[in-house]
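Which chain is which? They are A, B, C, D and E, in the order written, and residues in each are numbered from 1.
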Amino acid sequence: MTALVADGVTKRFGGLTALAAVSLDVQPGEVHGLIGPNGSGKTTLLNMLCGYYPVDEGAVRIGEEDLSRASVQRRAAVGIARTFQKPRLLPTQTVLENAMLGGWRDTRTGFLAAALSMPRVRAEQRELRDRAQAVLEGLGLGYALKRRAQLLDHAESRFLEIGRALVLRPRFVLLDEPAGGLTGAEIERLGIVIRTLRDCGIGVLLVEHHTEFVFGICDRVTTLNLGRMIRHGTPHEVRHDPEVIRVYLGS
Amino acid sequence: MDFRRPLAALLLSLATVSTAWAESPIRIGWLSSLTGALSSAAVAENQGVQFAVEEINQAGGIGGRKIELVTYDTQGDPTKAVNFAQRLAFVDKVHFVIGPVNSGESLATVPIVAKAGIPNIIIGTIDELVDPKRFPRAFRAINTNRQWITSANDYALKTLKKSKIAIIGDTSGYGTSSAKTAAELLEKAGVKPVFSTLVDPNKTDLTDELAKAKAAGADVVMPWSAATGLLARLLNARGDMGWKVSIVGHPALMAPAIRKLLNKPEYWTDAYAAGYVSMTAGADGKLPAATKSLVDRMRPKLGGAEIDFMFWWVALGYDTVHIVEHAVKKAGGTDPAAIQKALETTSDLKGVYADYTWTPQDRNGFPDVGVVMNLADSFKDGTYRAPKAP
Amino acid sequence: MLEVRDLVVGYGKAAVVHGVSFDVRAGEFVVLLGRNGAGKSTILHALSGLIPKRGGRVTFEGADITAATARKVVQAGVIQVLEGHRVFHSLSVEDNLLVGTYVRSPRGDRSKLDRIYAMFPEMAEKRHDAASRLSGGQQQILAVAQGVIGEPKLLILDEPSGGLAPIVIDRILDVAAQLCREGMSILLVEQIVEKALRHADHCYLVDTGRIVGDGPADTMLGSAALHDAYLGRSSG
Amino acid sequence: MSGTSLRPMAGSVAVLVALATLPWWAGDQYQIHLAALIAAWWILVAGLNLVVGFGGQLSIGHVGLLAIGAYAFAILAGRHDWSPWIALAASGGLGGVCGLLLGLPSLRLPGFYFAMATMAFALIVAELVLALGDLTGGGVGLSVPGFPEPFESPAGHYLLMLGIATIITWCAWNVARFPWGRALVAIRDNPVAAESVGVPVFRMKLAVFVASGVTAGLAGALFASLQSYITPDTFVFELGLFFFVCIIIGGRGSIAGPLAGTAILTALPELVAPLAKLGTLFYGLLLLAVVLLVPEGIGRLFQVILERLRPRETASPVLEPDAARLAAAIRRQERP
Amino acid sequence: MLGVLITGLAIGALYAATALAYNVMYSTSKVLSVTTGHLAMLGGVFGAWFVTELGWHPVPALFASLAVGAFAGWLTDVIAIRRVLARSDEHLWLLSTLALATIVQQGVALWWGTEPKPFPRLLPQDFTAGLADQKYWLPIGTTIVMAAALELFYRRTLYGKLFVAMSEDAFAARARGVETDRLRAISYGIAGALGALAGFAAGQLTFAFFAVGLTLTLNGFIALAVGGLGSNVGALVGGAALGLLNAFSANLIGGEYQNTVSVGLLMIVLLLKPEGLFGSRRVRPV
């Protein structure tokens, strides 16, 4: 099976080393947790996996394919989808249209074909609409398909972002603090969604502060502190690791 | 402008569709750039047009028919001018169109008015505006640009007896084409300009251009630009440099607005601009009788004091209405074909601004002898003086 | 001294802080604990007037400051040191400190510098260096000093430890404890639990925008509530 | 959607029929001329709308592309006696090429920089039209031929322009409703999110900018033949501002809004003389009022009012994901 | 050639001054305002109005012009910036300042007229001074003094430091008790006064002309982008470079290609060094 691998990646901002030789792999059908105190480099790592920051050292790969220099768009095209800490939606568009945006990489039609409304453009549009609708209904957003995104509440926005990522037909989904701002019940439902992704063979990287949630759902957990990896293992191993407890609770 | 007027005109035209009776008014469309850039000439012309219409109507109209004037402000914008021309032709259904004032607008409207078959009195100076074949009913009342340039060239070559000429045009449409024509006409007379350049009309300083002209050995500078700011900067640069060189060129050189822009009043000396016989006081300080009479009649309208703008624009506006009057009388009505016939056989029609002659082959009514050179700084009460013979 | 009652804060449609109440008494060192994303910074920003509140009441020394602007809050004596060593990078150390005095004197007050330099000798050494040339730890100390020079009655420290070496954290917490002994009230928000509790008098636990527990600081360490709030309920 | 789109479709057809029969019910030729002018402006605005209203790139210099199209048509059809149809196509093509040349360097620039670059472009075109007098007639300008029968008469000319405007509107509407339009809106509202799903931001911006160059070129050619004579004074910078204002006032991200904006802003100063006198000042005041009061445009305002009038949706049901359906949806879309 | 140099520097000084005004407004709001050039235009037009038409002495006229400029700057903030910044949509401020600039320009055109009008002589000096004439040296000198004063203001006064602080981190500045709204309004007032001062000083060069504003908005921006956004030294260098380029190109290839040459300079700099000669590179936010 091909995994998404960060191999000794290093990132510097000016003189500051934000990440120092961090390695991590996300297997298909696995939920991989990434935790650590504020400023430990979690989001930086996620941004490097999906191409917003170039790597200074090390490499990002899927299987044998080296993606270290690939653009954000290229990484989306090979199946890396993500969500954002603060949901980034199109406020004036409907929920369905927002989700359909995720299917962009499957549109094969150029500008002219679209302008002339060629039959295959319409076929693509129909197919995409059906797909997005199915995903949204699976997520429980079926009642809001025609609502404008700016009218959604916080949990709905989070789920819609996940929906948009899924319409991309991803091999790997990177979730940036998906539980942030959710209530307990909503977090449980998020858990259902994430487990379903795993069961469908999608690799999930879960960057999250809500450690209880992370330990409950992940197959493996990586802990970062000050840009370095301090522990990597099963949730049980990590939560009882003295170094992790020290980082969180003090010596 | 009164917004009710177009509305009234609209209602009127609706009421009078296909019921033209003999006593119906003669409608004249007047396309004037009363606001916007380059509005000063139009405002003056408008005074003359309005005054002539009032005079004629008070005297009972033309053959018993009153004149009704439909004025539109084009703001110097060709797109607007075209819209208004369409409107005059098809909504207001006028019998005559006067204008527009600026050549750029006229170039766009003349074909439209011609297509509608309406007689058009042209008051722009660009050559392309008249063409007996394409626009058989367009008759020019003003001089052509060529007449100004020829007159200025003659003055420089023959009167001042100078042949090392520097031409300065501005980069506007008018400036580029005039500078080109000036150079062509000079070369036809066997003189090649020693220096020629185009300047942005808003360029802040012309010292550099003048220095180059001086270095090229020029003994007369001929600016072809209607931009008073640019001409003032030219005069200032000459004065500040202390260069004794004659300046001969476009009428805007003697526009009263320039006086305020000059560093010193004496910078205006030794500058000559193309002007009109009818607006030039003779050696005795007296204006031609027709001009004098119009000035006297209009002075109360113009505030009663000394006139502080070029009076010839008023005279031109005044004459255009009288050309219409002449044509209607001669044609015995407003039938466009008859009007055309009447105007193209008009010879030596006496006006205030000039005497006009049109023929079937030539739609330029303004006689060559109507243009003379004026002293730029001789402005007084709306008119000018001729330079003393050197 | 500071009383927060039923504070509600939210972004957009969603509430992030759901009715939080707590007190800071005069001369007390209070710590708010809770993992990241629990809503601690949001509470602090709201009570400092930096973001709007949606409900509740905040009083300071008996005066209602619920609707006060950030400037009014600072003038009343509540000064917050933001997380993430936010200093003004292109200004020198001294200029950063002078900006801190603005709230008390609109032209800047140099007379207060000496006391600060005495308290933070490492700042005196670098007084003319641009703040961008300081290390992360030094920047955090400068940020604290910038707050202290504004003469707060209540100093709020939002996660001063973020991303810094242990020695710096100790230094900052020592300073805070000293200020507290001199009579200033301290409200500290932290993730580094043990160190924070060592200095504090009273502790509140925050989770998902609510206060989930409180008590004297010395009884909190090792408590199940604390462990749960950080690493989740032990389920296996 | 396909079921509900019948009503707007019927409305569009009705409007189109009304417009196509305008020459038979219009009061006079002036109204036809005005309608033709609106059609010409709309052809440009329809393309520009994809750039400004959908893609969010604030170009205030499209008057430069308009001038290029107009002069290309005047020179090719007028001076070189090309067939007007070929000249029209060439004008559109040249507009597209110039759009490409302008877009390649400038579309990478951030907002204000891009706006200034387009403004500078308009000024450069104006400058070159004068400087290259041998080609363009300089300040004197060029006379422009019309189209052959049956499009020679004002009514025929109008119908030609209406036809082209209808096709362009249809194309713009297609772009807007297919994934392209959503991707453009994403580039406008949230470029980071657009990138994250693989939208090639720069390439798309360039594609619509080139398309807007083509429509500007076509509009220029048609406008020139409508005017029958063009001079540099026609293509002033304020005209570029006018197109831009039509879109902003009509509302970003909609087709009908800017169409209505173009029609109203072209006709209003003609019908209400005091507005004509205020001219550009009026556009400035209108723009400021819209930006401050209804930043999403007047078209959007109507949409919001309509939504208000409709019965409010009751409170959201609980967000309840269905694992089985979700799994089915994910499995269904797996690649072969 | 010396003449070309000095005329180029004189007009370049006006561009540089406009770029400085851009910088002052940008520092507190991160907004580039389309009205910037119009502030200088107002300085020229009102200066001429006070002296020529109202007959005032140049000194009170100068201060009154500065007041007009400061008021116009303040108005820019109140009308076009404050409400728009609160909505945090970066498109909107471009639209609102563009609208305001159009209103100001057309308003002046209606009131003052569209013809250039003379600007009075400020210092007693004969007109035959040639290159030593005040119309060259006033804008050059004023701009240099202006830049020096701005540097002093930023370095020596607390308000200057507050501007810098606000430009770096407005949220942190608010936490220090800085009233960012008031400070921004002050900075717009200062920028307005600076612009008006530049327009006043260069009045004899430009005349009092309504269309100067848009030209300066563009050319001041080019100077700013070439020199580097946010840098006052860059503004001076960029302005001088652009002025000299304009003057020499007009001298060597004629006046027909002014804008083409200026924009060519802009494009070359943006391609080779997008942050400008003295600007700092911006980090991309995610």
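By our rule, a residue touches a chain if its C-beta (ideal position, glycine included) is under 8 Å from a C-beta of that chain, and two chains touch if they have at least 3 such contacts.
These figures come from a predicted structure and were not determined experimentally.
Ranked by how far their CA centres sit from the centre of chain E, the chains are topped by A. Highest C-beta contact pair count among chain pairs: A-D.
On a Cα centroid basis, the chain most remote from chain D in this structure is C. Centroids of chain C and chain D (each the mean of its C-alpha atoms) stand 53 Å apart.
Averaged C-alpha coordinates put the centre of chain B at 39 Å from the centre of chain D.
Separating the CA-averaged centres of chain A and chain E is a span of 46 Å. Residue positions of chain B with contacts to 2 or more other chains are 35-36, 171. Contact of a single residue of chain E with at least two other chains is seen at positions 110, 256, 258, 286. Contact residues of chain B toward chain D in the complex are 1-3, 5-6, 14, 35-36, 73, 75-80, 82-83, 86-87, 89-91, 102-105, 107-108, 110-112, 126, 128, 171-177, 180.
Note for the complex: chain C touches chain A at residues 12-14, 16, 35-38, 83-84, 136, 159, 162-163, 191-197, 208, 226-228, 230-233, 235-236.
Across the complex, chain E meets chain C through its residues 157-158, 161-162, 164-165, 168-169, 171-179.
Listing the residues of chain E that touch chain D in their complex gives 32, 79-80, 83-84, 87, 89-92, 94-96, 98-103, 105-107, 110, 214, 218, 221-222, 225, 256-260, 262-263, 266-267, 270-271, 286.
Interface residues of chain A, counted against chain D in their complex, comprise 50, 52, 72-74, 76-77, 81-82, 84, 88-93, 97, 100-105, 107, 109-111, 114-117, 121, 124-125, 128-129, 131, 134-135, 137-141, 143-144, 147, 153, 155-156, 159, 164-169, 186, 189, 192-193, 195-197, 199-200, 202.
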